[in-house]
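Each of the next two complexes has chain A plus one more chain, namely chain B in the first and chain C in the second.
Coming up: the complex of A and B.
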């Protein structure tokens, strides 16, 4: 390969942060990377590793507070670190395009999509408006967007999150850039949406022959899309190499650790459930035939009903995982249990006794027994309170601990969540994301609850930090016998932690039962879609999955809440016309499972057969791939 | 034990490189980005701070260090017919009408004298305390009422909020100077009436701001967490909301003070604010307007005007720095 093929390279790139006292703190410490034409280079590492900072250097951009500290960043042979904004202008948007993590924040909500997609090339004068429109239309087709000829006329709020993410790719590619920088473009998406977006990205990058830098912390995603992987830790390269080498034979201990933190594919038997030693007669918490929704409608019913006839039982010391895509009512269920959203039908029982629906009518002793853990520790901890006060308040409030006793207990709590005692004097902003999430958990533990409602507590954390938090939760469960309701869209995390799983779809329970039963056939068709959408840590997984029947039927559609029939009807590969869309599905008990229930019109035997069929398909595809490889 | 294995092998996709590593070193969770820099004044901020500091010192010490009394006539002898006329003398040569002195600089009156032949510098020093004092007390009243009502409305729920906000909107829709004129005309223009009047008028503006900030904080997870814990309204307001609302409100205080200074000065200029013979920057401009007309000296008008301008610009420069530090959030709420 000649040097002409190199689109972007850094040579001993160094970037510093300026401290208050004027001293420099190195953020990027001498990094060499090379991106060749047609190649996707992935930068991986946990938050704080400098991966985003390095990727932004290709635009000649340093975040506020950072300064170039030496070395070169050559884009098409020009050192962008030496240029000023005027000189950089022709490069940005034209030669290099940046895709941010959140498409929702990138698009202007009051301008039509097409205008925004075509803005850069028209502004740079490289295309006329007509040429840009034509190019945008080609890209809409290539990205397999629905209604590609008219989608550009819509406003950003009129398309789904996954579609907007793909439209952002169209925006970046419209000017035919030489280099594409993708910063965690699928991290905030559901698994099903993620693979849809990944597939579109991969196809379009391949067809356009553009070079790309792909920034992420998710190795399983990288394995699908990258050609070359650069592993970063603390601003230094720890290992770099072709994707198959890094994935199959990582050498550096840090890479190996990253690989170990990759969530395993969910399967039966991987669970690490409770031993039942804390079990008692009455369940800790029970939701019975709960109906709930938002807004005020007629005759006492909410305007939008989310939950329909939801029954969930949490045994003492057990963990119930609640999974489903966004919009399925997972958080709504947690809010009903916490009393934040009184249900309009059904009831919540605590220790066998009925609990008032509204928070304000619950007694302090009842509130103490159910604790809610928020997803974002950043907003869940008051920025103006010290950690000691944050943890001390529930102790004072529920247990009347004061003075020395309170301080001792705060230190015990910090120890429990594996944080140093000195943290009691710190403010939340002085802690890292993972540490804040630990404080968030410790605050709930301080109440000594019987049930903890964990709403996506690991979703905002990267894989290593998230794995540590799960480890901590397992320890807490063993020590204290607390029950958990663990809400997540990440099936593998749930599978490794829960005793039982409840699969929610559009506000209804699609399937529930012990982990090993839910993750083994027979499956509800929706459960199978979720399981097959979890990225696997191997090259070629994406293509295989996209060819499956579930994916073809269900991946490109979103969750719709229906009033009658089975809401999964329009995404189901085995739906029965005239039945599934008209009649509510019956609850079918799996004769082999203990409390394993599937709500589906298909018989258990039919679902078993379905699974066998899908497996045969995968085996056949594998066999074909192997045969092809040998030939 | 240090292991420095370094593998390099080439393939089509590129070389494979492994950094040297120590097998015993563990990889701790990395810290997040360092916390934002501490608050520091910029150069313009320092200029503002010096100017405002100067006026505060003048306001407090003015009456004690002023060269002459507020209504003292420094040169009583000038009325004597034997004296040679000073620059800009008393009578119009054509009509013979008295028109005041407006002397420029004379015998230790550094800024000259005004229409009543009083020392301008001394009156500015007396006026500083009155102008700044009235405005400060009025702004404090506005904040006291506005913050209590605003945060109260944010906490109390949609029904109370609706009622209080609509009443507030009604008052907000009236022009503040007109409202002030009517109130002063009805209750008489004494300093307590002025203070209460300005305080009430600016309560409406502070209410909107405090309510907005309170609403933003009410939806934060940590407030909800406190509710789920079962905390009462007093705890939520004093421990969860107030500490987070204080900073933006305090930086707005400075800005609001400027508006009140301008409001009080405008009323005085119109003759309904601080009443003569008491000195106030606004009524000083009004009393001496004749100086502009007759052109002998512009200092009697310009000096109090410059005082108002420098004080308000100075406060503005400091507030700019504070809101820039807070990420420009304040300017968005304005």
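Coming up: the complex of A and C.
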């Protein structure tokens, strides 16, 4: 390749953050990368590694508070670090386009989608409005969006998250840029949606022949889409090379650590369950035939019913993992258990006794026994209180501890979550994301609860930090015998921590049972779709999966909540017309399992056969791929 | 969306009724009733009882309320207590014109200029222009109205020799420009009073939107700054801005007592003070209801504007 093929390169690029006192702190410390035409270069690393900052340098953009510190960033031969905003305008949106992590936040809520998609080329005068509309329409078709001819007339809130993510790709591609910058474009998506978006990205990048910078912390995703990998740590390049070399043979210790923290494909036997030492007669917490929803409808029922006949039992000292896509009712279930959302049917039992549905009518001792841990420690911790006060409040409230005793207990709690005692005097913003999540956990532990409801507590954390938090949770479980309800959309995390898994789909339990049995055949068709959607760390996995029957039937459809029958009906490859959509599925117990229940109209044997069929399909695809490789 | 607007209208109506009950009961708990006050301390009990019967004051309290509220709805506010020959409606009508002219002219001149200044400050945050504007508006928020008014008189009347320190003469037969000239100083003073709040709020509302990710995206698409503000930011900032505008307009109708007295023109705000001084609670009731209605109507308008400007409500899923 000649030098003409280089779309973007940085030479000793340095970017600094401005401190309050006016001094500069290096964020990017002399980075050299090259992106050639038709190539996808992945920048990987944890948060704080400078990967987003470097990717934005290709647009000549520094986030507020950052300044150029030296070196060059050459886009098509022009050093964009030396240009002002007016000089940069012809490049932005035209030569280089940016796709952000959250499409929902990136689209202007009050402007129709088509105007936003076509804005850049029309403003830059490279296309008339008609030409841009035509191009946008082509892209809607190419990205396999539903109703491609009318979707542009909608407002952003009228389409789903996965669709919006693809529409953002259309927005970026509408100006036919030479370089695409993709910043964690699938991180916020469910696994099933992620596959579909990845596939669309891969297809358009290939067809348009554009170069791309792909920023992510997810190595399994990188293996699917990148040609070349740059590993970053703390603003420096640790290792770079072609994708198969880095994935199969990482050299630098940091890359090896990143690889080790990759979540393994969920499978039976990976869990680290609790021993029975804390068990007692009555389950710690139990949801019986719970119906719940939002809004006020007629005859005492809510306007939108989410949970339908949900039964979950949490044994003392056990962890129940709740999984499902967004919109499945995971958080709703936790809110019902916590009393934040009183159910309109069924009951919640604590220690064998019935709990009042509403928070306000629960006794203080009952409140103390169930504690909620929120996903975002950032918003859950009061920014104006010191850690000591944050932890001290529940101690006062539930245990009436004051003065010296309270201080001692705060220090014990910090010790429990492996934080130094000095942190009691700090404010939340002085802590890192992982440390804040530990404080968040310590605050729940302060009440000395029997059940902790953890709602996506590791989802906002980097893989290495998240793995450490899971390790901590395992320690807490062993030491205190507290039970956990662990909600996550990430099957691998759940599998590594839970004793039992409850698979929720559209407010109904699709399957539940001990981890090893849920993750082994027979599967509920939805569980199989979830498991097969988790990206694997090998090149070519994406194409294989997209060919499978689950993918063809189930991917690219959203969760729809139904009043009767099995809500998975419209995405299920083995659905029975006239039965599954009309009649609630029976609860079938797996004859070889212990407490393993699948709610499906298909017999257990049929589901077993399905698994065998799917496996045969994958084997056949593998064989075909191998044969192709040899030829 | 329509159901939401209807709901707001319903809430507005309930507010008016609730305030009417409070105003009615509030004047009832005061010692002495209309008959007593009108006839004075020396009246015989028989005469007072006769007048009571005539005015319907011997009826049960809820009937009195319904009668009073019904009269209010149909535009009959009753007779003044201090001057039984005068209808409250005619008292108010005399004053309403002045108040209306001053507040409408202030709104027409002051609101667009302040909003434009605020949005411009948001376009160049931290610039010299922004700093001067922010400093001035903070100073004006802090300054009491009579001080601003005095400043206006000093500058315009004494230093520049234009305008009148006191509003004199009738408004009859004057065209728009003559009216502006007539009320020049009160309007100018009020423009400054409302401008400080409007500038600061519109600047803050637009700046708040400017920090959102979709604005960053527009920058990264190469959209010019002017278009970013006018097309991308402004529309999303309408909600908070219309609320401040509505509150300030309501203030112009009901709360400009200091300005009316300072410049010596007769408006609604000084009328209610007069009502209090003469213990004319029929007048107070009527004005109270009119002020309440003004607030409710303006806040309703602001709510509806915010609902209509929100695409989530205009175009549900």
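Here, the second predicted complex is superposed on the first by the 631 of 631 C-alpha atoms of A that agree within 3 Å, B and C clash if a C-alpha of one lies under 4 Å from a C-alpha of the other, contacts with A are read in each partner's own complex, and residues count from 1 in each chain.
The criterion applied here is as follows: a residue touches a chain if its C-beta (ideal position, glycine included) is under 8 Å from a C-beta of that chain, and two chains touch if they have at least 3 such contacts.
This one's a predicted model, so the numbers in the text were calculated from it and none came from an experiment.
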Look at where chain B and chain C land on chain A after superposing the complexes, then choose clash or fit.
clash
In the three-chain superposition, say which chain, chain B or chain C, touches more residues of chain A.
B
So, does A:546 touch the first partner chain B, the second partner chain C, both, or neither?
neither
After superposition on the shared chain, which partner residues are touched by A:106: those of chain B (first), chain C (second), both, or neither?
second
Classify the contacts of A:608 with the two partner chains as first (chain B alone), second (chain C alone), both, or neither.
neither
After lining up the shared chain so the two structures overlap, which partner does A:61 touch, if you call chain B first and chain C second: first, second, both or neither?
second
Between chain B and chain C, whom does A:158 touch in the aligned arrangement: first, second, both, or neither?
second
In the overlaid three-chain picture, which partner chain does A:251 touch, first (chain B) or second (chain C), both, or neither?
first
Could you tell me if A:236 is touching chain B, chain C, both of them or neither one (first, second, both, neither)?
first
Which holds for A:340: it touches chain B only (first), chain C only (second), both, or neither?
first
By the touch definition at the top of the document, which applies to A:124: first (chain B), second (chain C), both, or neither?
second
Looking only at the overlay on chain A, choose which of 25-33, 79-87, 133-141 or 169-177 in chain C hits chain B.
133-141
For chain A, which residues belong to both interfaces, chain B and chain C?
none
Spell out the part of chain A that touches chain C in their complex, as residue ranges.
56, 59, 61, 85, 88-94, 97-98, 100, 102, 105-111, 119-120, 123-124, 154-155, 157-158, 171
Using the touch rule from the top, collect the residues of chain C that touch chain A in their complex.
212-214, 216-225, 227, 231-232, 235-236, 309-312, 315, 317
Chain A-touching residues of chain B, taken from the complex the two chains share
5, 7, 11-19, 21, 23, 25, 27, 29-35, 37-38, 220-222, 224-225, 227-231, 239-240, 243-244
Inside the complex, what are the residues of chain A that reach chain B?
17, 19-20, 25, 34, 36, 39, 46-49, 65, 227-228, 233-234, 236-243, 245-246, 251-254, 257, 338-340, 359, 362, 364, 367-368, 371-372, 374, 376, 379-385, 393-394, 397-398, 429-435, 443, 447, 464-465, 468
